[in-house]
Structure formats: C-alpha cells, structure tokens
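What follows is a group of structures, each given as structure tokens.
Common to both upcoming complexes is subunit A, partnered first by subunit B, then by subunit C.
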Partner chain A sequence: MLPFWLIFPTVAVLLAIQVYPALYTIWLSLHERQPAGWEWVGPRNFDRLFKMGLFGESVGHTALFLVGYTGLTLLLGFFIALLLNRKLKLSGLYVTLLFIPWVIADIIVGIVFRLLVVPDYGLLAGILQNPALFPPEGLSVLTASRAAAWVGDFPFPPAPAMIYLILASTWKALPFIILLLLAAMQTVSAEVIESSRIDGANSSQVVRHILVPLMLPTLVVALFSLTLSGMNGVGMVFSLTGGGPGSSTEVLSYMLYTLGWRQLEFGRAAALALLIAAINWLLILGTLRVTRLEERNV
Partner chain B sequence: MQRTWTLWFLGVLSLLLAACAAAPPATEGEATESEAAAPAAQDFVTWYQYDEKNEDPASDERVGNQYLRDTIPLFNEAFAGKWNWVNQPKAWDRMSAEIIAAVQSGGDVPDLYEMGTGGGDVGVFYRNGVMQDLRPWAEAQPWYSEMDPSALAACTGPDGGLYCIPIAERPHLVYVWADRFPNGYPKTPEAFLVEAERLKAEGLYAMTFLGSTAFDGTGTTRAVWTTVSSFGGKFDDGAGAMTLNTPANIAAIEFLRTVVQSDYAPEIAFAGNFQEEEAFKDASAGSFPTGLFGYRYINPLTAPDGTQYSKGNEEDMLDAIAAGDVVLTPFLAAEGQKPGCEISVTGFAIPVGAQNPEAAYDYINWILTPEQNADWVLRPGAGFPALQSTRQSEQFQTPFYQQASEAISASACSPWSGSLERPLEAQKLIMNVVYKLIKEDPSADIAAELQAVEDEYNAAN
Partner chain C sequence: MPSLTSKRAQHWLLHAALATICLFALIPVATTVLISFKGERDILRTPPNFFPCDSATQPFDPSACRWSVEGYQRVLAPRPAPEGLLPIRLTGNLVSVYLPNSLLYAGATALLVMLLASMSGYAFSRYRFRGRQTLLVAILAITGIPLLTNLLALYQMGVTLRKAEIPFYDDRFFLVVVYTGFFLPLSVWIAKGFFDAIPRDLEEAALIDGCSPLGALLRVSMPLALPGLMAVFLLTFVNVWNEFIAGYLLIAKNEFKPAMFGLYEFLGQNIINLQVVSAACILIALPVVVLFLFARRSFFAAMVEGAIKG
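Showing the complex of A and B:
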C-alpha cells in the first residue's frame, strides 16, 4: 500500500489539473449553451468552426508565424551563441544584457513594440512613415494592408504587422534560445573541433558537420519550446496588434481567446482548443520523427 | 536524527495548518456585547467596472472610482445594520466572461452586477442563463411607469424578460470642431464629401472614427452602425437572422469606402486601442462620431485656433463645448432618412445565484430616488437618465446635455444588434468585412462580401 500512498498526491494533482480539465474541454466541445442549459450538439461545434472564414485564415497566419518565428529565432540564436562562444571580453556582461528581454512579460513587450510604431506619434513612426524611405506613401506598420495573396488564399506575403509581430516575438524569445544553444555549444569538446580543423575543415564545415549534429538534441528542444510558445502564446498578439489590421495577425491562439473570452462561445472555443492541442501533438511527433531520422543519418 | 527532524517538521506543519484553518463560530454565550447590541449588517456584493480604492487621477475610470468612494458610505449609512456594500472591481472588458463563468460553475456571484447593453450583453446573458428576470419585481415598483420605454426595451431579452434595470441611456452622436465646419456640420453624404475635400486641401481630415477591428469589432457598434443606420440600413431582419447584403447597407459602405480611400479620414483611425481619438484631440480631424460618454476619454484638446483644454480630464471636453469650440450634432443622413445612431443603456442586473437579491432590490430603489439618480447618471452612467422625471433635473440643463439632447432628438437611435442572438460574433464578422471593404481591399465586391458574411452567420442559426 505504501507505494500507492506515496504516488497518490502526484496522481491526485495530475487528475485535478490535467485530466479533469481535459475531459471537461472534450465535454464542452460537444455541447452548446442554450437558455435552458447545456445542450448536446455532437460535432456541430467542430463543423461550425471549420465553416468560419476566419478559421482557415487563422491556420494560414499561424503557419506563417510559426515558420517565421521559430526559423528566425533559431537562426539568430545560433549565430549569436557562436559569437558568444568565442571567449570575447565581457562576454558575461553581454549574456546578462541579452537576457533582459526574457524577463519581460509578453504583454509589456507588445505594448512597447506597439508604441514604437503607432501611426503619427510612435518613436519610429517618423522614419517608417517617411515616403522617401518607404515609397510611395511610407509604412504604417499597424495599419498597412497585406498584399494580394500569391497562392490561393494563403496569406503570403504577410502584412507588415505580421512581420513586426514575428520580430517582436523573436526579440522576446531570443535570450533563452541563445543561452540554451550556448550551453550546448560549450559542451562540444574542443578536441573534436580542433581535430576537424587539422583535417582541413573551414568554419562553415565545422558548424555544418560538427556543431549542428552534436547539438541536435538541444536544437530539437529549442524547436519544441519555440513551436509550443508560438502556437499557444496570446499576450503578444493581444497587446501588439489585437489580431489586426483587419484580421491579418489573427492566429489560432488569439482566435481561441476571442472565441472563449470575448464572444463567450465556450463550446466552439473548446473545439478549437482540442484542435490546437492536436496540432501541437502532430508538430511534436513530426519533429521527433524527423530528428530521429537525422540522428540515424549522423 | 532523521526521524527527529521528520517529527519536528510534521509538528510545525500541523501548527501551520491549524493556524490557517477557519476559527470556529462563536457560540451564543461568547458573543460580544456590541454584537448583541447592533445586528450585524449583511454584505451586499457588487461588481462594478470601477474601483473605489483606485485614487489615480489619471485613471480612465476616475469618475466612477470617485463616485463609489463618495457613495459607498452614504449607502451604508442609509441601510445601517441591514446591508454593508462590498464592491469587487472588475475589468470592463472581462466582466461579462467572469460573470458567466461564475454563474455556470456555481461559484460566488455578486448580488448586483453593473451592466451595459452596448456589447449585446442582454442576448449573451439570456443565452447563458446568467441573469434573473426582474420584470415581475420591476413592474411592482413606483418608478417603473416613469421609465423610458426604449430603455426598458434595451434590457428586454428574447423571451420578454427584463434582464436589467436601465439607469442611464448612452446614445451616440458626433463631436465636431466648430471651426472646421464654418457652415455647420453637413447634413447629407454629398455635402459631407464636398466639405471633406475642402478640408483635405487644407491638410486636414473631415472625420476620424474607430475603423479598426480591435476589441473584437466593437467598431461595428460605433461609426459603422451610425453610418449604416443613417442610410436606412440594418444588420438584422427582426427575427434573428442577419441581413447585410441590402442596398442601404451597400450605399453606407460605399460612402465609408469613399471617405477612407479619399483620405478624408486619418490612418490612425485604423490603429486600434482607441487611438483614433488622437486625431480629434489635436483637431486634425474635424469630426468624430462616437458615444456620448466619449467626452470622458477624449482629452486633452487643442482647438483649431490653438486654444488648449489641458486639464487632462473630462472637463476639457465640457469646457470646449461651453466655449463653443466643440459642438454636438447628429450624423449626416441619406436622402429620406434620419441620422442614425446606436443607443445602449447602463444599469443593473441580478445574477442567478445571488445571495442577497433583497439587498440588490433595496439598492436599485435607492439609486432611483431623486437624491441619488441624477448623480449616478452623471457619473458612472455617463448618459441621459432612463427615468424621465430625472431629465428635468437642473444638472441636465448644461450646454453639454442640452446640445446632446437636441442631437439625439434629431436622430433615430436604435440598438445596433436588433434581434441578433449572437451579437458578439456578429460584431466581429461585420467589422472584419467592413474593414476589408473600406480599407484593405477597396476593389472587393461589396455585395458579394456582405452576402458571404451574412450566410456564414445565418448558417449557425
């Protein structure tokens, strides 16, 4: 009996904060609120969700955001980690300074970035809205419309606000990724790199054939972390663009927030929450599969 | 040794738990003399968007905050020994969600909920079974016959139940810098465009408005509805279905498209976060169709002649109106139509599961007394009294209220959502499509886009 009682608190907590809400979300997704109470509607909430014009649009925005956000953050994070790994003077200070954005809340980052580009009086508005620099009419980041889609309804090229959202999110996430990658980089044995140099490898070959394969598990962790935070984060969209202009930065997580807590459509919001959870699982499983294949090739 | 430490730890933990546990109720014999002398007043819990503990003079909600600070002691004095008013402040844009969650989860709900109908809350609350039907009680009260019927209608649910008691009406109108329109504010779309072109030549804008899709399309309820209704348009068929693709609606959107595409409105109109107000504050935009209560937030002001109204509070707009720099007018109207506008009410509702509905009844009756009513309407209400007898009160004979009254009398104001049962969903759909048509894709087919949104909404009816 002792093992049961030892494990019981953990199981109880998991049941209370993980299993029960998950089951309740499933229940909610199959019901709709009516004046008389909850009414069983089966898959109707999912059906309505798929028929919403905004749903398809949000899937496209989310894909675009995730690719831009994870790609840019990993690329910049890796590059900056490489620089910091070169035993620069004051590298400790640089790391400390670089870490500052990580401790600022998403909402605050969104507000600050918003204030930089608000039309007419934003700190950078004078530069961005200068027609000489951004012809023909200058660039108003928060209100400029997206260009016509190149392929079907997929929202590419993105609106300037989406690019700005990616930049702001990257700025916020970068410090953690830098530290993660820097720590992994420092575990790579100097002898291995030295041997490759002796064998004639140049810098890019060292990165491609030594550092990246040896850091692959950490890169996967970083990718997981970025994908999940990008997929589920609401704060930055909320405070920076509010899903606009129009609906050009409406991503799935923000749509979930608005469906549930603005429109108070709990049934449909629960259906969307389940879909987002499924997408998260697919992304994670897909990444793991690709990584295992990569590791085998290595 | 380890065992001793474990015992110590468990002992300390037990003491802590015991300390945290609630004290046992006092027995009759233990009651203090003071308790025996004065019966304990029961808590009367309210949810207001205002916070009496917030004394920040720069707070957007300062007027309501101060009102509560002034009034809570008065109420407690009036009902000494019976009720003790405990206010729980809530964020204005999350109150609805919180009350629905609280009622449906069987959690703690307030005895009284400060409620506005502008966001279509009556329909949402009705659908979620959140508020009590107050009609039987209200009809038995002496003030009921004095209520403006349209205010009562705004609180009426689809089943005919009365889900709030209206205290103040909040109509929409147009704030105008008088110097920007020396010949008066245009009365027709055609005249407006002529004036707009003149102002554009001077480097100015004819109008600013909430043109963004921010706040889940609340722009629908403001200038968009004002324009649509001024062209004789509607968003519903009166039986719960959305009707967007109508000639009147198309004409209204064509007008807004012209205003935007001709640069008669500033870019900041689309920036969200109510930043469209900035263009009116510095008089770069000559007019601003918005809610009557907007005067609270649109400050400080710089008049076209450079006069500064810089107290940084609601007095700036009132001063500008008193000085004649700003005038309140009805919106323009298409031929054969009256200027349209949104009208909503603020008042009180009693949630299902309220512990002390009797306290809420006492409170509502108290607020509707001549001594309290005008004060509530002027401060947290920020509108016109729903109680017709209060309108004669001296406090409503100021230039602001007189001009507003004339503007509203000349308009045909109605709730934007009509019979739509999912107003929050509708307002977002409508604002998204309007934004697309007037700003993002000015070549898009208006009728086709409106029809697509109409079909999407109605498919779920």
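Showing the complex of A and C:
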C-alpha cells in the first residue's frame, strides 16, 4: 500500500489542476454563454474563430515569430556551445555569466528591452531615431507599423516591433539552449573528431559531417522545446509590445488573452486554447519519438 | 614551432570571442542598472546620454557624474518609523506587499512540489506496481498541457471557489495549488531520475539490518537524494517567482498580488520614469539572480535531468 499513498497526492493535484481544467476547456469550446445559461453550439465556436480576421493574422505572426526565434536561437546557441566546448579554463565563468538572462522573468526582460527603445528617452532611441541611419525619418520600434506585405496577407517583412520581440525572446532563451547543446556536444567522443582531423577534415567539415549528424536528436529536442516556449510564452508580449503597434505583434497566445479576458468570448477562447494545446501535444509527441530513437541507437 | 604560437593565438582569440559574447549578453542588464541610478533630469533628455557624466565642457567627465538613487527611493518609499525595530519603514507597495506575496507563493509552491515529487518520484523509482508505466506516461503527457490554455477553466474555477466563501480560503491558496499542479509533472520525473541514481543495495542493506521500509526511505534514500530535491525546490521557486500570467489572471485582491503583477501595473503608471521602472525591475529580479549565482550547480543538474526527460 505504501506506493499508493506516496503517489496519491500527486495524482489528486494533477487531476484537479491539469486534467479537469483540460476537459472543462473542451466542454467550454462546444458551448456558448447565453443569458439563460450555457448552450450547446457544437463546432460553431471553431467556425467563428477561423473566420475572425485577427485569427489568420495571428497565425501569420506566430509562424513568423517562431521561425525567427527558433532559427536565431539555435544558430547562436550552436555557435556559442561550439566555442565553450573547447574546455577553456574560464568556461565555468562564461557559462555562469551567459546564464544570467535565463533567471530573469519574461515580464522583466520585456520591460528591460522596452526601456531601451522608449521614444525619445530610451538609450537606443538616439541611434534608432537618427534619420541618417534609418531613412527616411528614423525608426521608433514601438510605434512604427510594418511595411506593405510582399505576399498576400502574410506579415512579411515584419514590423520592427516583431523583430525586436524576436531579439528579446532569443536573449532570454539562449542560455538554456547553449547548456542543452553543450551537454550533447560533450558526449560526442573526442576520438571521433580527432581521427577525422587526422584524415584531413577541416573545422567546418567536422561540424557539418560529424557534430550536426551526431547531435541531431538534441537539436530536434531543442527546436521543439523552443517552439513550445514560443507558442505559450505571453509575458514578454505583455510588457514589451502589448500586441502592438496596431496588431503587429499579436501572436496566438496573446490573442487567447484578448479573446478570453478582454472580450469575454469564453467559447471562442476555449476553441483557440484547444488549438494551441493540440500543437503542443504534437510537438511533445515528436520530441518523445526523437528521444526514443536516440535511446534505441545508443 | 609555428603551430604552438598559432595555437596560443587561437586560444586568446577564443577567450576574446567568449568575453565579447558575455559582454553582449549582459548589456541589457548593465543598461538597466545604469538607468536605475540616473536622476529625472538625465532621464528626460533628447537625445539620451548613456552616462549622466557630461559637463559643460566635456562629453564625459567622471567628476561631474550625477548618480542618483531617486528611482529606488520612489519604489521603496521609505518613511521614518520611530517605534519600529528599524528606524525606517519601506512603504512602497512593490516591496511591502507584492514582493512578500511572491516569496510566499514561490516558497510554498516549491516546498509542496518538492514534497509531492519526492514521494511519488521515490515510489516510481523503487516499486513495480500495476499501472506504473501507464501513470508515468500519463504524467509525462500532462506536461504537454500548457498553463496558458488551462487558464480559462482555472479562472472559472477560481471564481466559483471565491463565491463559495469557504472559511479560511482565499485566492492565495488557489494560486499555490495551481502552481503546484503545473510544476509538479516535470519535477516528478526529475525526482525519479535522482532516486534512480541511488543504488538500491543501500536500502536493502538497511532493510536487512532491521529498518522498516519507511525508515529506509527517510534515513537512507532521502539524505542521499537531498541535493537533487534541493534542485527541484530551487527550479520551482524561480519558475513561480518569474511566472506572470496565472498570477495576473487568478488574483483579484490588491493585497494578494504577486510581484510580477505589481510590476506590470507599475510599468503602466511609470513608463516615462525610466529610472523608477528600472529600479523596480532590479529589486524584483535581484533575489532570484543571487539565488542562481549561489546555487548554479543545482540548477544545471535539474535542468539537464529535466531536459532529457521532457
């Protein structure tokens, strides 16, 4: 009986805080609030959600954000891990210093980056608002709208605020990715690299033909974990841009907040929540498959 | 040998590159510290100056620096308190109400998560019972439910519970349970990993020597697992301290708001007083940054363990 009582409290809390609310959200997505109570509407909430102009726009923003954020973070993370992998004397110090951004809350990171570009008074505003550097009249990150879209409604090229949001998010996520990739890099045996060197491979060949293939499972895990944090993170949007200017940084997670708590459209918000949760699940399943494959190979 | 000198040059180049990267990584932190020590006069200048150190004749004159703690004063709002233990009392809401609230939420959640995760992590690691594998997979699957999407339902639950007027119950209790439920699944896996690493022979030896199963758990396994459990505690503490959206949506009363909620409101009221906002950010981020610097090994251990699993 001991194991039962050891596990019971955990299961009880998880049922109350995770499972029940998830089921309730499914129920909510199929109902709509009427003056008399909740009315069953079937898939109408999803239908109305998909027809919202803001929804299509948010999907575009989210896709753009995720590509920029994951791409930039993985690239920089891999490069910095490569430098740290040389086992220098001060590696520990570098890792510690690089890790400080990870401990800082999303909402504070957003504020810190926002203060830098506050129109006129932010430290970077002097550079950004210089017409000589950013023609024709200087750039104000928090107020400039995006340029005309190149392809249909897809928000590309992105608004300056979106690029800035990607940079701030990357800054915060980078430490964890460096740690993850460094840990994987250190498991690649030095002998493999050494012998390929003797066979005449140069640095870029070692990275391309040995490190990347051997680290592929970890790279995929890192990609999925970044996508998850990018999908669900909302604090930085709150404090950095508030979804603006206009709707240029309105991503799906922030739209869920506006739909649910500003417009009080609980049914439609629940539909959106399920959609986000479904994407999460797919990503987690993908991660599990990759890690399973890795275990089988070892 | 030319290769030796080139190796040494490479070595220095590497150090230079890493130092530059660290510098870049810390620039946003440094600028925030810098802004927080400026006075209003130097904040409201166009174009802005990096250091408040220009004099009439020179662009940078260290003797003319006008450093100021005005931002901190406005956040802390110290008032003389003649009858208190200390001569002054900090009356700013952020430090006298919201920061202690965050400490309570983060501390209580971390304790609860550590307790529950160590219990179930131990059971999963040591016992083979029916449904074990299913439960483990279910707990892993639950990590896939994002807090964000559950908030709609949790918000409704919170409203219902508030209306029920249960004695001694308030939003603080609900928030701690929500955080516990959210950070528990991964912690169970991390704790299980730490228990797996402790050899079973030690416990079996204790059992043979006449120890009860519970005694073996408390006297042998727990002390050995303590560093790992400490890591679970610290990771949860920092995660709850830094969490924004759940605290923002689930807390209604002003006196129960966590620091991140308070800070977000503070931003809305003070966006033009950059020195005040910076000072507030630093005061709220400092506790966890210090915690991390002192216990970084613990954090790394828990994160690598957690990253492999989920």
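Quick notes on this structure:
Here is the rule we use: the second predicted complex is superposed on the first by the 265 of 298 C-alpha atoms of A that agree within 3 Å, B and C clash if a C-alpha of one lies under 4 Å from a C-alpha of the other, contacts with A are read in each partner's own complex, and residues count from 1 in each chain.
Note that a residue touches a chain if its C-beta (ideal position, glycine included) is under 8 Å from a C-beta of that chain, and two chains touch if they have at least 3 such contacts.
Since we're looking at a predicted model, the values are computed, not measured.
With the two structures aligned on subunit A, subunit B clashes with subunit C.
Of the two partner chains placed by superposition, only subunit B is touched by A:143; subunit C is not. In the superposed model, A:274 makes contact with subunit C only, not with subunit B.
Touch criterion met: A:121 reaches subunit B and subunit C at once.
In the superposed model, A:246 makes contact with subunit B only, not with subunit C.
When the two complexes are overlaid on their common chain A, residue A:235 makes contact with subunit C while staying clear of subunit B.
In the superposition on chain A, contact is made by A:265 with subunit B only, not with subunit C.
Of the two partner chains placed around the shared chain by superposition, subunit B is the only one that A:35 touches, whereas subunit C remains out of contact. Legend: residue contacts after superposition of the two complexes on their common chain; A:82 is shown touching neither subunit B nor subunit C. Touched residues of subunit A, counted separately for subunit B and subunit C, are more numerous for C.
Of the two partner chains placed by superposition, A:185 touches none, neither subunit B nor subunit C.
Judged by the document's definition of touching, subunit A residues 114, 118, 120-121, 260-261 lie at the interface with subunit B and also at the interface with subunit C.
Subunit A makes touch with subunit B in their complex at residues 33-37, 48, 51-54, 114, 118-121, 140, 142-143, 145-146, 241-248, 258, 260-265.
Of all the residues in subunit B, the ones that touch subunit A in their complex are 93-94, 96-97, 100, 104, 124, 126-129, 159, 212-216, 266-268, 270-273, 275, 278-279, 422, 424-425, 428, 432, 435-436, 439-441, 452-453, 456, 459-460. Residues of subunit C touching subunit A in their complex: 11, 14-15, 17-19, 21-22, 25-26, 28-29, 31-32, 34-35, 43-48, 50, 116-117, 119-120, 122-124, 126-127, 129, 135, 139-157, 177-178, 180-182, 184-185, 188, 213-214, 238, 241-245, 249, 260, 263-264, 267, 271-272, 274, 277-278, 281, 284-285, 288-289, 291-293, 296, 300, 303-304, 307-308, 310.
Across the complex, subunit A meets subunit C through its residues 2-4, 6-7, 9-11, 13-14, 16-22, 24-25, 28, 80, 83-84, 86, 88, 90, 94, 96-109, 111-116, 118, 120-123, 125-126, 129, 171, 174, 176, 179-180, 183, 221, 225, 228, 231-232, 234-235, 238-239, 253, 256-257, 260-261, 266, 269-270, 273-274, 276-277, 280-281, 284, 287-288, 291.
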